[in-house]
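You will see chain A twice below: alongside chain B first, and alongside chain C after that.
Entry: the complex of A and B
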């Protein structure tokens, strides 16, 4: 190859390289918006998924904790715990449009697969309130254990599950009978529950027990207990709270609270693959719809950590308000 | 003498430059113990000190880091700086040795300008330190510490500048030391304060918490800025303040070194006592 041939080749490379790099960046960033509830600020931080910068802070009700998107993605439901209401935020106008009746002190909730029923855990009154979203009316209430917290609905809509912190149980609410028909004992202080995509398993975290219980949905018996150990961190600091399962059944991510780490669990073998360092007192998490990115709320350090699911690396931490609690991603 | 220099031409300068650099590299390659020593020192810090210090709960976010990091990640740029610091002092030690053995005089009898010869000798030392850092970075990667893929390349300019600064400092010291035996004093009064009063082992905000005076000493220490320059360069960024301080310090030390070796004063005037 003589010199005359090399020059155009270099020029070609010089034009192609930035284009290729641009492509890589573009494919990783579909316009996504991340919403984070700040428990102590009574606000919602809005993060642009592309620039990873906080673009807006919206004033909401007192002590916002659990948040979730409506099925069509146009509204955000917010548990305003100290206002004893679930607030509905219109995402286009960024205005609170109305409240849903919620019972006392709503902390967490789950939306039924059809998007019509909202299952709300009322921490102080030991009940679960089911709200019919279109009519904005309470459909029914169910008595559960002491300090209800975690909530989820099975993908087929048959079960509503609730965990009660003090009773350390999972309560299985039969949707047709509108009553608790079974209970499963798990580790102390269960905080969060999530069904697998196919509904065959329910993963429940136990904050004081320091474990995650995997329950077989058919028998409603604990099938496996996942334990966590991080070198250099005392066992009692490892307090599992939020759990997120990937749709492909590959990973379960478990937020370990004051241990400042997110555990990556192989969802098939139940082995812990890795522990990822994030901010202080990591609480809840949300996956992007494309399942490529996981966001964690870190309460004490007041930020949100961004985890790349493919490489299992923490890429960034973004400052938000005081005590970020819930997080939801709009794709 | 001027005509002699002109007569050498560019090639002559290049041959001299190559010769001096190659001699430094050769000297290094032939001393396997020195290579091992240069590697073992930072690795002991990494595997023992950093492991004991672990900070498994994470270090608060400071630029250029974008998220929480364990202590092992924080200490890497400081240990790279340490490699270069010791290398610079080693250069100063070998310069004192060369002077005692007389090979320094052979070098300085070259018709090329003294400044050029000293800079060539300096660059020889920097090349050696870059080789040491490359080996260290390889082990760091094998150990499982995450650095950007391009870090070994982006850090090069910072290594060059920091190596020049510390090498020049070593030369200044060498020009003031009369005997090899005095070298231990250099370690106590130069290397340790430079290393410990810097951001190599702990972030500067920690120093600020410990005391205003300590923080000031650390901020004034050029080695702090060398370490920060390396830290940012590893992540493909430039710390403007560090760059300015390191460049300024390099020029200052180089000027002092050239002055220290001028025949009118410094070493040249002392040398005849040997003859």
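Entry: the complex of A and C
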């Protein structure tokens, strides 16, 4: 699951403020569909956003992990890691239509704001592959650190960022130069990166460091490190993975892996407001386009937790396949 | 002196299967990068002729892990203007390890990974040439090296026998299989492992209900079916724990015991730092990266050597320094921690220089559990429930006071 899942719709809304924002809220009744990749079942679970029931299970490639919607919302891109391909699923027909070239072992990816470039982390080969989506060709590849993982693209399209787990850095890829031009050292084993909506900050989780680093995009320096403490849970079990920021700049949600909680961080003061108990080994998350609901994938318990953003309460859990990994919401 | 030397310093050497990966990383290293040289001194004891193992260890067992760790460190190093050079020397079983260390010291290596038996490690730390260098013990599990024979210039990347036995004991106690039949081999190291099991029983509420020593001189391969049912007649117990480090008879116990009981210890369910079935916490990535380079699965020895090199690499990246003195200080500071694909971060115990770490419990084709087990608590970190904790340490040579 990745920022790009929700980003296209939200970023469009941002350019047409505030009328369209109102429209988004008003159209909240429109049925939402949630897609979840099941890493150990080689399937996608399809959840109806209204009934919260799994309505379909779609067979996909081997070891599906990151998933993201195309900009127009008609297709889903799937990292089929052990097939070394990014598969493209047509959502209307639920058929895999073609593959995109992806490089070895694709794990996570991010779509550029214009929807044309897909940034793919190739975990086994220390490379980021940038694919031109319309022509289905590799545009370029960039050498990064050991075990590239988290990916995002800045809202202005200037930066592609990648985190490398064993190198523990954020690599800043200049889109024009098509090269890494800067690196920011963060806590051990960075897993996930997300830009704020205005692009001024990049939030990066460190699984083994147990922290989230907030990086100032202008200087590419860490401006704040967020720490987590949950009573009764050993410090080394708190392992941040997924991060989701609300568009209004109010909250950052941080999935804490084997601590089985999602931290709610005040995105302005950087203080942790609450810890929400979810399923076991919470991994990735997605917000609905109206920002009212957050979905989390819980790898070990094999379910999806549903969090109401207004009340900050976990309202439901939905059983899916084995090792749910990525999640994307179509509004 | 019968010493086989590998080409050194090993740079983008194409003589090794990993040369390519290493070469790529080095080519990418910026010109004028700060160089960090790591000596790698290995010595593999000859297995006794009585051992007939179906799994011949690979010729590069251990070294392949070190080579991959240098490649990994160089991939990171290229962004920090740091370049790592591995300087491997292999000492024959009856070779002169001291001369090998002197040679590495003469080349200016301040970090020396020692993948050798405990006696070799103990002798090397006392050499005048070892002073001011950091020796990283990557293979010897002897608790004495962490205790009375500890040294200020010696860190332990490999877990001790006490840590391995504690990891196993916690799991057996959690399973409510606390009554153990301890079978010990005839070698001194077997007695040391048995001591660690007895200590673990006391710590975690296990009970040694029966003990025997395996002294049979006959070829166990031919006699096991007849001898083991008789040998294993004992009063009621839950698990047979075997202490047979070289693997002389331990593999023959399962399915031949008088009572139908599981076997654990040095064979059967084994405590280990690494296993080919381990895939959690990103381990799948390290497994596939290693397999692609070495054309075989990563062994525990490979992993210990990988970790030893990565301790230096991680310290260099974190402190953004290539200065050996700064790195030696940083590695031993409370700020140092690193990821090693076993969940909890690894860091150093100030009192004996031991790397604290989770321990896997594995059967032949499945990972059974990872210790420390839930419920075994410790005020600092649950990892300190494994091995000698600060109040128990017998180490007096590291400038640490008892609390």
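As a convention for this text, the second predicted complex is superposed on the first by the 301 of 331 C-alpha atoms of A that agree within 3 Å, B and C clash if a C-alpha of one lies under 4 Å from a C-alpha of the other, contacts with A are read in each partner's own complex, and residues count from 1 in each chain.
Throughout what follows, a residue touches a chain if its C-beta (ideal position, glycine included) is under 8 Å from a C-beta of that chain, and two chains touch if they have at least 3 such contacts.
Keep in mind the model is a prediction, meaning the values are calculated, not measured.
In the model built by aligning both structures on chain A, chain B fits alongside chain C without clashing. Within the superposed three-chain model, A:271 lies out of touch with both chain B and chain C [touch as defined at top]. Among chain B and chain C, the chain that touches a larger number of residues in chain A is C.
Once the two complexes are laid over each other on the shared chain, residue contacts for A:169 go to chain C alone; chain B is not touched. In the superposed pair of complexes, A:316 makes contact with chain B only, with no contact to chain C. Of the two partner chains, chain B is the only one that A:232 touches; chain C does not reach it.
Of the two partner chains, chain C is the only one that A:105 touches; chain B does not reach it.
After overlaying the two complexes on the shared chain, residue contacts for A:290 are found with neither chain B nor chain C. Touch criterion met: A:280 reaches chain B, while chain C stays clear of it. For the pair chain B and chain C, the least inter-chain C-alpha distance in the overlaid model is 12 Å. Residue overlap on chain A between the chain B contacts of one complex and the chain C contacts of the other is empty. The touching residues of chain B, when paired with chain A in their complex, are 54, 56-58, 60-61, 66-70, 146. By the touch criterion stated above, chain C contacts chain A in their complex at residues 28, 72, 75-76, 78-80, 282, 285, 288-289, 292, 314, 317-318, 320, 337-339, 343-345, 381-383. Those residues of chain A whose C-beta lies close enough to touch chain C in the complex are 105, 123-124, 126, 143, 145-147, 164-169, 171, 180, 183, 185, 188-189, 207-210, 234-237, 239, 258. Residues 230-233, 259-260, 277-280, 301, 303, 305-306, 313-317 of chain A are the ones that touch chain B when the two sit in their complex.
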